[in-house]
Amino acid sequence: MPLREGEYFILYGGPKALYLLKYSKGLRFSTHLGELIFPEHIEYGDKLKSNTGHTFYLLFPSTSDLILFIKRKTTIMYPKDIGYLILETGVSYGKKVAEVGSGSGGLTVALATIVGKEGKVFSFERREEFNRLAKANVENYGLSDRVEFIIRDVALDGFGIENMDVVFVDVPEPWNIVPKALEALKPGGFWASLSPNIEQVQKTVFKLEKNGFIRIKTVEILEREILIREGKTRPRERMISHTGYLTTAQIVRT
Amino acid sequence: MPLREGEYFILYGGPKALYLLKYSKGLRFSTHLGELIFPEHIEYGDKLKSNTGHTFYLLFPSTSDLILFIKRKTTIMYPKDIGYLILETGVSYGKKVAEVGSGSGGLTVALATIVGKEGKVFSFERREEFNRLAKANVENYGLSDRVEFIIRDVALDGFGIENMDVVFVDVPEPWNIVPKALEALKPGGFWASLSPNIEQVQKTVFKLEKNGFIRIKTVEILEREILIREGKTRPRERMISHTGYLTTAQIVRT
Amino acid sequence: MPLREGEYFILYGGPKALYLLKYSKGLRFSTHLGELIFPEHIEYGDKLKSNTGHTFYLLFPSTSDLILFIKRKTTIMYPKDIGYLILETGVSYGKKVAEVGSGSGGLTVALATIVGKEGKVFSFERREEFNRLAKANVENYGLSDRVEFIIRDVALDGFGIENMDVVFVDVPEPWNIVPKALEALKPGGFWASLSPNIEQVQKTVFKLEKNGFIRIKTVEILEREILIREGKTRPRERMISHTGYLTTAQIVRT
Amino acid sequence: MPLREGEYFILYGGPKALYLLKYSKGLRFSTHLGELIFPEHIEYGDKLKSNTGHTFYLLFPSTSDLILFIKRKTTIMYPKDIGYLILETGVSYGKKVAEVGSGSGGLTVALATIVGKEGKVFSFERREEFNRLAKANVENYGLSDRVEFIIRDVALDGFGIENMDVVFVDVPEPWNIVPKALEALKPGGFWASLSPNIEQVQKTVFKLEKNGFIRIKTVEILEREILIREGKTRPRERMISHTGYLTTAQIVRT
């Protein structure tokens, strides 16, 4: 089935020639390994040669690709962290989840791919600039039907919605969102937040405790690449050793 | 909304009194902190006292809970690993994925919660015992509508299906599945496998290379808990330091 | 060369039958793999059979062995942490180092083996019980000639010595030792402390900064075992994931 | 006590202005933070201003400093790894140890600082260039009295010495050294090797097993820095995630 106008694909010419592109008729793309002129009918899995003779492939983008290649003006939540949180909070088909703040929309995209058309992501952001950016990114990926973007300072004005299965919080002061989450969440539902610094985690956890959240847990997720090569297998020599601490909790009826 | 017959909930009486239960009228449950007699109308988020006065709460189960509490006769894939693979292979609402083998059905459950009613999980297993176990577990969790269980030795007889978005492989000899995955996968689609030993990974990666898979990557995911306590914050003293190596790859048209 | 009265050796009958013993004429020792009666002339590297026929070997103890098998009433500093600190603070032949507190004497032993006869370890402890214990352990290992044990509350009364190359601090409130270390250390010399909790590290680091210490650095050292077995190589499944944070610093003339 | 001709010191102007220098009368040194002209009488712990007014300090170098700042043409063994091996093999005052190969002399320096004047390090290297380099480095640091450098292909010609307490092996094919180590080591003594790739470790371990070594253990040591800052405490975002696997073993009488 040929790619349609607006569909995304990974252009892969090797580990250092990896791009996320949006198909449109007449697409051309230049890399350090030559220029590619895309024919009208291309399909996922196809092979293409650049004008310098380098071979490229067209691949399906993973959710990680969608996140890591997103147009961004903020730090993003990493796939390893998002994957953990999705399992730990039960995000799945049909769920209703809220997110504070939208940022560049990376987490929004991941959540949207999973809750599907019968679920909903409410994405809150207080800065217009980021609201616009996240919205554009989600639209580009064709996921707008299941996401509602709201400009609102949740720390001040609350969520204004209720009955959420999960609330995701990725702002510098998550503790300010804790009391507001009480109203937004279903009883028995999930809190999830990410913070890079331990003092942020401490303030958030103590606030969660004071507000009746239980089953509070903080972890860090480390991803370590292993290079598998004939006779020379070893872990990669450098890695990202810290993105953030992940805190989950559940709320009970009071 | 009161719990319905057959709905699952987490019974939480503290970090060491944590259970996944299935609601049924007249349910009683004994713990080391006393016995619980469940009233007819209970809801998620409710508080209950055991006959010895200990307080318990009813919480929504996370996907991690469903996996970790599953009835099992095999080792299971851990949520930290499943979460990573889901993002890395683009498993999401509506996708069609195949899994070899069913094992106890832990991964099957996670996949089923995400692909939703418009997606499909084909779960292959060659041993009848595990086919039955995984099937029962998925049925119990109410996810049977989107899962098809197949008894079949994929290494010998292939998948017998095609056009899969992703193929998950969790068997001792993943390299035997590689040539069969070629027919089952959409061009540009994803391979994902988990193996505890490095030699298994090496054989699998070399077989993937020989069979035209590209963008091959192997990682390990480490989950480290941080104990957040007033004046005594530190990582937990012991951790699970190895579950398995995770390998992903994508296939191109040949 | 036969073992002499009082010499220590490792008795090794396998990974789960590992003992540190002190040689004496007529020594007998019982294990779950049988009893050993030691002949008068035994040497390092010798093979012995227990009365049940299991083979044991006599090996030189490593410094790690001396530490891990020490008679203890406290938690001990782990070899992985001590090894790092020794390199990071330049502990070597001939150095003069102070230690607060003695604890069970594990660190004292390690330092004593390295500073040698021309060096000196001053080991401070305020509780008589631990002073006695550490002293006995160091004596047993034949290292008393280079260690001076002092009962003294350093936080209150200071060190009472000066010109130290390094000061090691392993007490619950290292920050109380910081101002006292100023007088004990050579200008340009090293501070080293270990604390399990992050709040202890924070207080210590801020106190070090206020007292003119520079080049302050905090790390954690993780030791992960790899099981090397034909076709089944992988990291051990569980590990000690936290012992303590290690802080080093250097002092300048004021 | 003023620094003497040829003594090494750390010049510290901040985390990014850190140098190991050798004192000589009339020393001048240029940095990106200005030039320093050293007065005739300077002492460890002294403060100096560069011509642009930046403050620098003179500190004692740690053993880690001596290793990391060594003149090198090879990769070096990291302090975290050396520290672990020293404790694990009992390197201490008075010990006799052999090392294959000399490389740039980093490990040689660390061992020499510890075995002291009554101990000895025999450092074997088959390539003249590295023999010369390691020799010059050890001489510069004033440790020549306890190190003997030998040009020799140990894999072919053996050690030619015996009665060693420990043998350190840091060459690409450690397994070739194993049979030779049998003659060089005291019965009950220690083998230590470092290899970056898992296949090297496997070959070495299997060769050690075949040659009667026991108590074989392989680990990796990870060093993770924690940034301690008011309200912003967190692990550093990137780290060195792999240097090498460390294997230790002990030999018995045959």
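Here are a few things to note about the model shown:
Just so it is clear, A, B, C and D label the chains in written order, and each chain counts residues from 1 on its own.
Just so it is clear, a contact is a pair of C-beta atoms (placed from the backbone, for glycine too) under 8 Å apart; a residue touches a chain by one contact, two chains touch by 3 or more.
Just so it is clear, the structure is predicted and the values come from calculations on it, not from any experiment.
In summary, the chains found to touch both chain A and chain C are B, D.
The distance from the centre of chain B to the centre of chain D, each centre being the mean of the chain's C-alpha atoms, comes to 46 Å.
Each chain gets one centre point, the mean of its Cα atoms, and the points for chain B and chain C are 44 Å apart.
The distance from the centre of chain A to the centre of chain B, with each centre set as the mean of the Cα atoms, comes to 21 Å. For chain B, the set of residues touching two or more other chains reads 198, 220, 224, 233.
Annotation, chain-chain contacts: A-B, A-D, B-C, C-D (touch as defined at the top). Chain B meets chain A in the complex at residues 9-10, 12, 15, 18, 43-47, 57-65, 67, 79-80, 82-94, 110, 113-119, 165, 186-190, 198, 201-202, 205-206, 214-228, 230, 233, 245, 247, 250-253.
Interface of chain B with chain C (complex): residues 196-199, 220, 224, 231-243.
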